[in-house]
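The same chain A turns up in both complexes below, where it pairs with chain B and then with chain C.
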Partner chain A sequence: MHQLHTQTVGLPATITFAILAGLTVIGALFTITRRNPVVAVISLVGTFFALAGVYASLSAHFLAILQILVYAGAIMVLFIFVVMILNRDEITRVAARGMVRRGLGVVAAGYVVWLLASVVANSSATPLLGGPLSEPGADFGTVASVGASLFTDFMFPFEAVSLLLLVAVVGGLVVSRSEKQEDDAEETARRRAQVATEIRPESMVGGPTDATANHEAAHH
Partner chain B sequence: MPTLYYLYLSFALFFIGTAGVLLRRNALIVLMAIELQLNAGNLALLAFSRSLGDLKGHVFAFFVIALAAAEAAVGLAILVGMYRTRQTINLDEVATMKR
Partner chain C sequence: MSFDLSQLSAIVPLIIVTGMGCLILLAETFARNRARTGLASLALGGCVFAFVAVAAQWDAAATKTTVLQGMWVMDRMALFLDATFVATAAITVLISGPFMREHGFEFGEFYGIVLFATGGMMMVSHADHLLMLLIGIETTSLAAYVLTGCWRRNARSSEGAMKYFLMGAFATGFLVYGMALIYGTTGGEMTYAGIAAKAAVSSNSSLFVAGVYFVLIALIFKVAAVPFHMWAPDTYEGAPTPATGFMAAGVKAAAFGAILRLFGTVFGGPGLPGEPIGWVRILATVAILTMTFGNLAALRQENIKRMLAYSSIAHAGYLLVGVVAVGVGIAGAQSAVLFYLVTYTFTTLGVFGVIAWVGKRGDERLFVDDWAGLGTARPALALAMTIFLLSLGGVPPTGGFFGKFYLFRAAMQSPELYPLVIAGVLNSVVSVYYYLRVVVAMYFRDATRPLDSYPSASMRAALVLTAIAVVVLGLFPGAVVDWAGGAGAAVAKVAGL
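Here is the complex of A and B:
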């Protein structure tokens, strides 16, 4: 494993990174430019797969698998379902109204990102950013090591995340419920309760059992 | 590969995500662009984690993924609710969350 890693550092690693990074960026651009939401979701899945490859090249094996399972698997399926429910294409890809304001926003965001990039470029000589990556330990980024960290140092945040997911599930149900369906369900329950109180239990004794007996007799 | 290039990729992803949030009016695409931004953050976390040889970045990336799942669930639920009451998911037509 160690031998293999030292061999792949160099040209092959660079080419792999270039391909994965290119796929990631192209997929991301596709995601935000396509008119059809289904195409956008599929290209986002492609982006996440390429990104999982980048994670794996950073020795983050556990996170790479998690990226595919949770993002490309679970979250994107959720997106596909919602796309199917709200099957409406946008009329225009980018609305003309408010274009100047939004264009300025993008320019501002680009400036911030450019500043960040120039800061990083200026300090590229430091070993942290520009130096060759040192060989990680054999268990760096494995399920065992990340899990050990998660269940010792980060026990409380981990449990807090489980609470967060529970809140998200309940919140999703509450937010997306339909008022009409809710009213209908309440109406049905109320009517059932009314019927149950109106019909006396005694009158129910004979009927159903006899009917079942007759039904069974007919079968035999 | 030096950490530098991973950071550049992270910046590019974050910029694309921000541009998507600002330019697109389809709420679904905006949610996807937010996912792109979260992933850009994750990539930077993992790059620095690898560079420093510290696993804490992995743990934080794990939390970000869990957070993204929660965000997607609630965000999409809001979208469905919005579509039920207004028959549109165009963000220009849905300026307030009031009914």
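Here is the complex of A and C:
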């Protein structure tokens, strides 16, 4: 690790990384602490930009551009639209109730952060296990090389992600079904239940009128 | 290794379930309300075909092979789990159709999402690469969030989905972070074999160890083990009952498949007798806490679904005992876990199937008191419920008994694990109390309200099937034990245990 530091990462790079990483974290903190949703969303844009900078400093230029186009661009615009359409000055707090719970949460989070920090600080003393990393090739991070690895080595995950996205899209549609579709399903069920109560032997049913009344009540 | 079309034969079951899912989505667009039963039949047909395809691969998978650029592993453990997932999906489809029709929210996408979730679980069980594990777990989880929240008119359904989604997304953050640390500290390894090769050296690095623990946290979140169980009671209670069964059986089994493969082989090889990383000891503590907390909390529940949610947490604890046994290198422990997963799957699906059938429109009958007199009003249903509850409690002659028997027998081989076994047996005894409470209510108390329900052939078929499966697993477990043995041995051989 030490070797790696001295060999390939100079002081300017370290400073750049510190600035970008700091901006990322600050943006993230603002995102979750601001009560005004617009401010929170803008902070998230800042985080995404800083993250794109981190990618760029790691020679992943194509990824950096995608990060800005897709996340800081398209997705954030959507976020802002949603916030504007909802048009709520202040989102009601849904955080943990009570001082005790919140205190416990802070203690737990602080412990994890402290643990991680000590692990990271400690890690420079232990060897990097794969041996010293080689310099990235000249075409590293270009569109061509990303495309090549996407469609050769990572062909199957690439296809599998499409299933993941399909589930996400269909799931989004399902949980945001319109009232009308709900009503249709409801109506079908009601009609079915009526047919069933007519067919069902009376011994099985606690009185057909009773059942129908229930369905009517549930429907209205 | 380059890609060629012949490798696709390895993923035929995956192609069948996801393809059928897409077909159902398409058909749903054109379906009239009455035609939705046809969609359920399509889903069922897909499951049957997939099961046949999995069975056809069994012989060829005696030795482990990796295809698709090292992404997809073919061995008997994965196929054994696949068969379980497909059976889970089929029974869920049988139960959910009548349930959704009765409660007035039937929609065809439900079946499609169940099949997609099954595809996701297959990716988890076959994953030989961290990326595939992530995609598989996310596909399964997203589908589970949707299934939880799909009952729009039921506020609890939305509440459960929201809690599950927020916490699940957080857990996925841990998974990805852990993977990143592992990737970095092993010098860019993402395949299981590559990580395993470097794990012995890497475990000197505290960052690597942190990565391993982060992955562990994410996985035991998915199986709802203490202290990452908070979402389970609300989610299991709020989800539509068939979806609860699907999650409690399928999603849990998939996560255990991932744990077995990662922690049984990659982080549990001979170079790592659990000591440098120390996850075995931590997991042992988690197992005891999970069993005890799950059972103690279940004792106090009046709502049957909530009670079974806590019981499902407890069962995750028993299964973790098996994982710990795998971790200390006991031969046969994998097979015991796999067998337990099968018995638990059928029992859970059955128990939630009964709950789905006891209630009716506008009256779900979720409380123990609502079940009084079921033994006289609907004797067959009460008998089925009794079988399932006895199996959950581990009472012979049901599958649950042999599940626990093999699990604890495996753990008994190491004296260090005696405390775990003792805790497990004591917990099983405690659990029988609250399972029997329901049985007592069904047979020894009089009904306060008439117990009627909707007639349904597919519900009956599903319950008869699961009840027979549970009894057969209890009386003649031999065949399934052999299959699980073959599946477990395959893993053990790879790990060099």
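Keep this in mind: the second predicted complex is superposed on the first by the 142 of 220 C-alpha atoms of A that agree within 3 Å, B and C clash if a C-alpha of one lies under 4 Å from a C-alpha of the other, contacts with A are read in each partner's own complex, and residues count from 1 in each chain.
By our rule, a contact is a pair of C-beta atoms (placed from the backbone, for glycine too) under 8 Å apart; a residue touches a chain by one contact, two chains touch by 3 or more.
Since we're looking at a predicted model, the values are computed, not measured.
Asks: On the A-aligned overlay, A:59 touches which partner chain: chain B = first, chain C = second, or both, or neither?
Replies: In the superposed model, A:59 contacts chain B only, not chain C.
Asks: Have a look at where A:175 lands relative to chain B and chain C in the superposition and call it first, second, both or neither.
Replies: In the superposition, A:175 touches chain B and chain C alike.
Asks: Applying the document's definition of touching, compare chain B and chain C: which contacts more of chain A?
Replies: Higher number of touched chain A residues: B.
Asks: Output check: A:157 vs chain B and chain C. Expected answer is one of first, second, both, neither. What do you get?
Replies: After superposition on chain A, A:157 lies in contact with both partners, chain B and chain C.
Asks: Quick one: is A:79 in contact with chain B, with chain C, with both, or with neither? Answer first, second, both or neither.
Replies: A:79 contacts chain B only, not chain C.
Asks: Looking at A:140 after the superposition, I want to know if it touches chain B, chain C, both of them or none. Which is it: first, second, both, neither?
Replies: first
Asks: According to the stated criteria, A:37 is in contact with first (chain B), second (chain C), both, or neither; which is it?
Replies: In the superposed model, A:37 contacts chain B only, not chain C.
Asks: Should A:122 be classified as contacting the first partner (chain B), the second (chain C), both, or neither?
Replies: A:122 contacts chain C only, not chain B.
Asks: With both complexes overlaid on chain A, does A:48 touch chain B (first), chain C (second), both or neither?
Replies: After superposition on chain A, A:48 lies in contact with chain B alone.
Asks: Could you pull out which residues of chain A sit against chain B in one structure and against chain C in the other?
Replies: Residues 116, 120, 128-131, 133, 153-154, 157, 161, 164, 167-168, 171, 173, 175, 177, which sit in both footprints.
Asks: What residues of chain A sit close enough to touch chain B in their complex?
Replies: Those residues of chain A that touch chain B are 13-14, 17, 21, 24-25, 28-29, 31-32, 37, 40-41, 44, 47-48, 51, 54-55, 57-60, 62-63, 66-67, 70-71, 74-75, 78-79, 82-83, 85-86, 88, 90, 94-95, 97-98, 102, 105-106, 109-110, 113, 116-117, 120-121, 124, 128-134, 136-137, 140-141, 145-146, 149-150, 153-154, 157, 161, 164-165, 167-169, 171-173, 175-178.
Asks: What residues on chain A touch chain C, complex-wise?
Replies: Touch list, chain A to chain C: 115-116, 119-120, 122-123, 126-131, 133, 152-157, 160-161, 163-164, 166-168, 170-171, 173-175, 177, 181-182, 184-190, 192-193, 196, 200, 204-206, 211, 214-215, 217-219.
Asks: Within the complex, which stretch of chain C touches chain A?
Replies: Residue list for chain C touching chain A: 2-3, 18, 22, 25, 33-34, 68-69, 71-72, 100-107, 109-110, 112-113, 116-117, 119-120, 123, 129, 131-132, 135-136, 138-139, 142-143, 145-146, 149-150, 152-153, 161, 185-189, 198, 201-202, 204-210, 360-363, 449-450, 452, 454-455.
Asks: Name, in rising order, each residue of chain B that touches chain A in their complex.
Replies: Result: residues 1-9, 11-20, 22-26, 28-29, 31-33, 35-36, 39, 42-43, 46-53, 55-56, 58-59, 61-63, 65-74, 76-81, 83-84, 88-90, 92 of chain B touch chain A.
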